[in-house]
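Once you scroll down, you'll see the structures, which are given as structure tokens.
Okay, so chain A shows up in both of these, paired with chain B first and chain C after.
Moving on to the complex of A and B:
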């Protein structure tokens, strides 16, 4: 018989939340900032994995939507807008729109061709950000000098200290991740997984593959845009590098390290990525070289990513 | 035109460049009647199936489903209109559970595929229909199993459940017993007979195994080199000298 409801183990995520909530009290400020970065990039990686892990599409242009979020925020702050909610909303909408357009032209392709066209679009966005001096500040990027503040129980809450910034990031990343979790486990989410498994079959049960994929792509872009807005606030800066293909490769690497088959896998991938960077950078400038050396055995020995493989080994039997 | 003709094909043809794979095929299938399309390899059976099910648009001719022109509609629209198909090579969602394989067509049928929240397992309209469909094909006790772990014959049944989930008026089955052992074949024949009788579904199958064809089909169409060579009851087809010569004589000791 079919189990009436599927059980989700919420203990792990609850503990993780608690740890993240308490962490700044026990770690140095520098690591609090690293943790903020992990959370932001983790959100970007989970949004990306909505495409790779759930829909079966390898997008190599996520940087474009991250950048759309970041530049929208920077432009608004420079123009004097101080409403955090408005900045978030505009950033997300800008990324969503960009993703709708890119998605419209890209989703008819598959696999490596899809990766290449999204990479191409990403580089198109990069070129615009890099060359349109009047608006984007060119290669220097757009600096942000004032951050929006929030009224919190009657008092004005600012985000100039790393601790306050961390809790802002934590809250918004948490909201983003919860929304993504709901999407992944919704009827739409099951259809996406069906698409990953067999897109021809989806067409032959009545699903419009192109529209379904465009919607998935746009949603992924929107959440990537949210992470872009957050990174602009955290970094006090939007730069064209966000849209470069090498930046778009980050969520790919993080998802593969962490595991594309597990919802939180990419977040763990982001954590491993940044911790490795911090450790390696103490010894050498060429940390990407050593990242490569670490990446190869991970791909070889953890076929479902570090988190995915460990979870499947200890907690439940995987497929086959 | 008789309104009982649930599926009607008029002068259907398809070419790849100058090569005519199928040509001038006309047939009319009655509501509730199980029919079979047979023919030697390369006769154009698969092309015919693909052209009427929306895999691609036929170059010539018309396809009418329940009196409505569906010629050249994309696959998902053909399914919406009430015709669903299986494939020669099992076409299912391997890493999902048996139940989830049936959820997908139902989610789409009930237009919940853009619903971004909510637990499907708590959606009675979907779970009850899923269990009903799984009971029909005899997979109810394996609802929670991941499809990849099932035996081959059971995977074919999963595809059957996917195809049946949306209550199509016409079901196209492309070699439903291909690769099955004798016992699985017997089960599949019994299943199709039972479904045709109980639900009134119109089955249109292609099959290599003549035993399957003659035990299921009330009407047989013979395709030979892209043309419809003959059609009739199983007895008429057995007795047809042209068919004997083109096809049956070599393959079946009837």
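Moving on to the complex of A and C:
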């Protein structure tokens, strides 16, 4: 467990921020778009890891909340709402509400049962999105034709160019990650970690395990919803695939690749995931095969994820 | 009345296939404590290998025999070299590792046999229509309804009346104690995984004449067999039987009464059962 009294080293994150801020100036547009995707999915993975890494709950239905955010944004844009803040707010609230309901029913279960019930709820959302043609557009999804703009020092900022979209994504993901960092390092975050370690003891000392878990689940869902809104804007589309279990598996893969014991681990996992994908599809279309082949040694030989294991090896910063 | 009969028969034949797949999944979970994400891919592999064997020997029965056995070889390799290392690791690692196996198998099949549909003809003796209570019905589906309980009964007898069956049950009950009294538990684990693989692949081979073969056929069925296993009670043999029939019949009748919501039925069933009986229908509380 991370000591709360240790001074946090902010140099690494600051350098990372600077690199991300400058990156679009040096890399091709195509890679700027990949970087946007990495940031969005990284936010989703970090929100997911609030459950797996900190609370000890393996959710296999995060796609549902991602989709709630994406569909809310698509529906609002189709209805003509142009206010970015309003779209973000409604998307996050929709995801939060869905996560509260799913969480209320799911948190009484543990381990594999929790994974299964969240998978079931996620697929329930998927079936609804897939079949409620009048609202969700069925399997075709909902296209988005106009993007909201923002007034910035008196000038109008639009997000139709990949660069502008990147900076929008960067700003909002940064805000999301900072908020999540504050949550994780707050007394509440500490309680979540103790839930992971021993929930009976938390109950003995007067913690309401069920409410604490529901709150963690809802928070994770809300931030996942934020990433869903961003992805809808980035992708110009909300589709039922966002809610399918194979999409919900992505944050699981990213978190475990990166390392669930390190706060930014899942973000690095997302980066590894997408860079690997880009490299592999250069020479073969069987990217899944290679993803599988890469995942096997990571699961077997990197018990704390690539980032977590390397960090422990070179910096001797214990996370447990 | 006709609709009732037809849907019952459809539900039963689909339920029996689900049972064959789920019983392997639940046995592996009951003994080794691993929920195998790649189980559906082994089902799919069984179907493709059966098809391949049929092309060499031009006999469905030969394919049914050889296909699943070839899949067992792959299953044993997976257990020996991969699964073995994660038995005492967190459940998320087990799921992710078997998920990686799923990705590899699905894409490998796509590379070998292509991503298009393949069709397998049922053997001549089972190819046709028969009449049950005035209702025309494909013979092959009726064959599935009979073969399901047959294999289920054989398995149940194996677990309850043979020495090997008893050893496996002992190992699943308390593996440390089993090791203590001289049972070779790692060997049992490999054997059980081989059995689970064989059942999945047999299900795939039996499903081959009834549905078209595509590499993603395992991904759909794995979620449904998860649901069957959880609904029946994880590790429970009778649970898998009842759960599979329940899901098969619900899905079949769902086309009549649920309309577009039919797709959501398995997940609603899963959620309801987990909420009122978290351990499933046939598993006693922990």
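In the analysis below, the second predicted complex is superposed on the first by the 312 of 320 C-alpha atoms of A that agree within 3 Å, B and C clash if a C-alpha of one lies under 4 Å from a C-alpha of the other, contacts with A are read in each partner's own complex, and residues count from 1 in each chain.
Here is the rule we go by: a residue touches a chain if its C-beta (ideal position, glycine included) is under 8 Å from a C-beta of that chain, and two chains touch if they have at least 3 such contacts.
Not measured: the values here are computed from a predicted model.
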{"item": "Which superposed partner A:299 touches (first chain B, second chain C, both, neither)", "value": "second"}
{"item": "Chain B versus chain C as contact partner of A:100, first or second or both or neither", "value": "neither"}
{"item": "Chain B versus chain C as contact partner of A:200, first or second or both or neither", "value": "first"}
{"item": "Touched partner set for A:190, first chain B, second chain C, both or neither", "value": "first"}
{"item": "Contacts of A:182 with chain B and chain C, given as first, second, both or neither", "value": "first"}
{"item": "First (chain B), second (chain C), both or neither touched by A:119", "value": "second"}
{"item": "Partner chain in contact with A:108 - chain B first, chain C second, else both or neither", "value": "second"}
{"item": "Footprint overlap on chain A, comparing chain B with chain C", "value": "none"}
{"item": "Residue ranges of chain A in contact with chain C within the complex", "value": "52, 58, 105, 108-109, 111-113, 115-117, 119-121, 123-124, 127-128, 130-132, 245-246, 249, 252-253, 256, 260, 286, 288-289, 291-293, 295-296, 299-300, 303"}
{"item": "Interfacial residue positions of chain A with respect to chain B in the complex", "value": "1-6, 182-183, 185-188, 190-191, 193-194, 197-198, 200-209, 212, 215, 319-320"}
{"item": "Residues on chain C engaged by chain A in the complex (per definition of touch)", "value": "35, 82, 85-86, 89, 91-93, 95-97, 99-104, 106-108, 110-111, 219, 223, 226-227, 230, 234, 260-261, 263-264, 266-268, 270-271, 274-275, 278"}
{"item": "Of all residues in chain B, those that touch chain A in their complex", "value": "53-54, 74-76, 79-80, 84-85, 91-96, 99-100, 103-105, 107-109, 112-123, 127, 130-131, 134, 140-141, 143-144, 146, 148-149, 162, 165-166"}
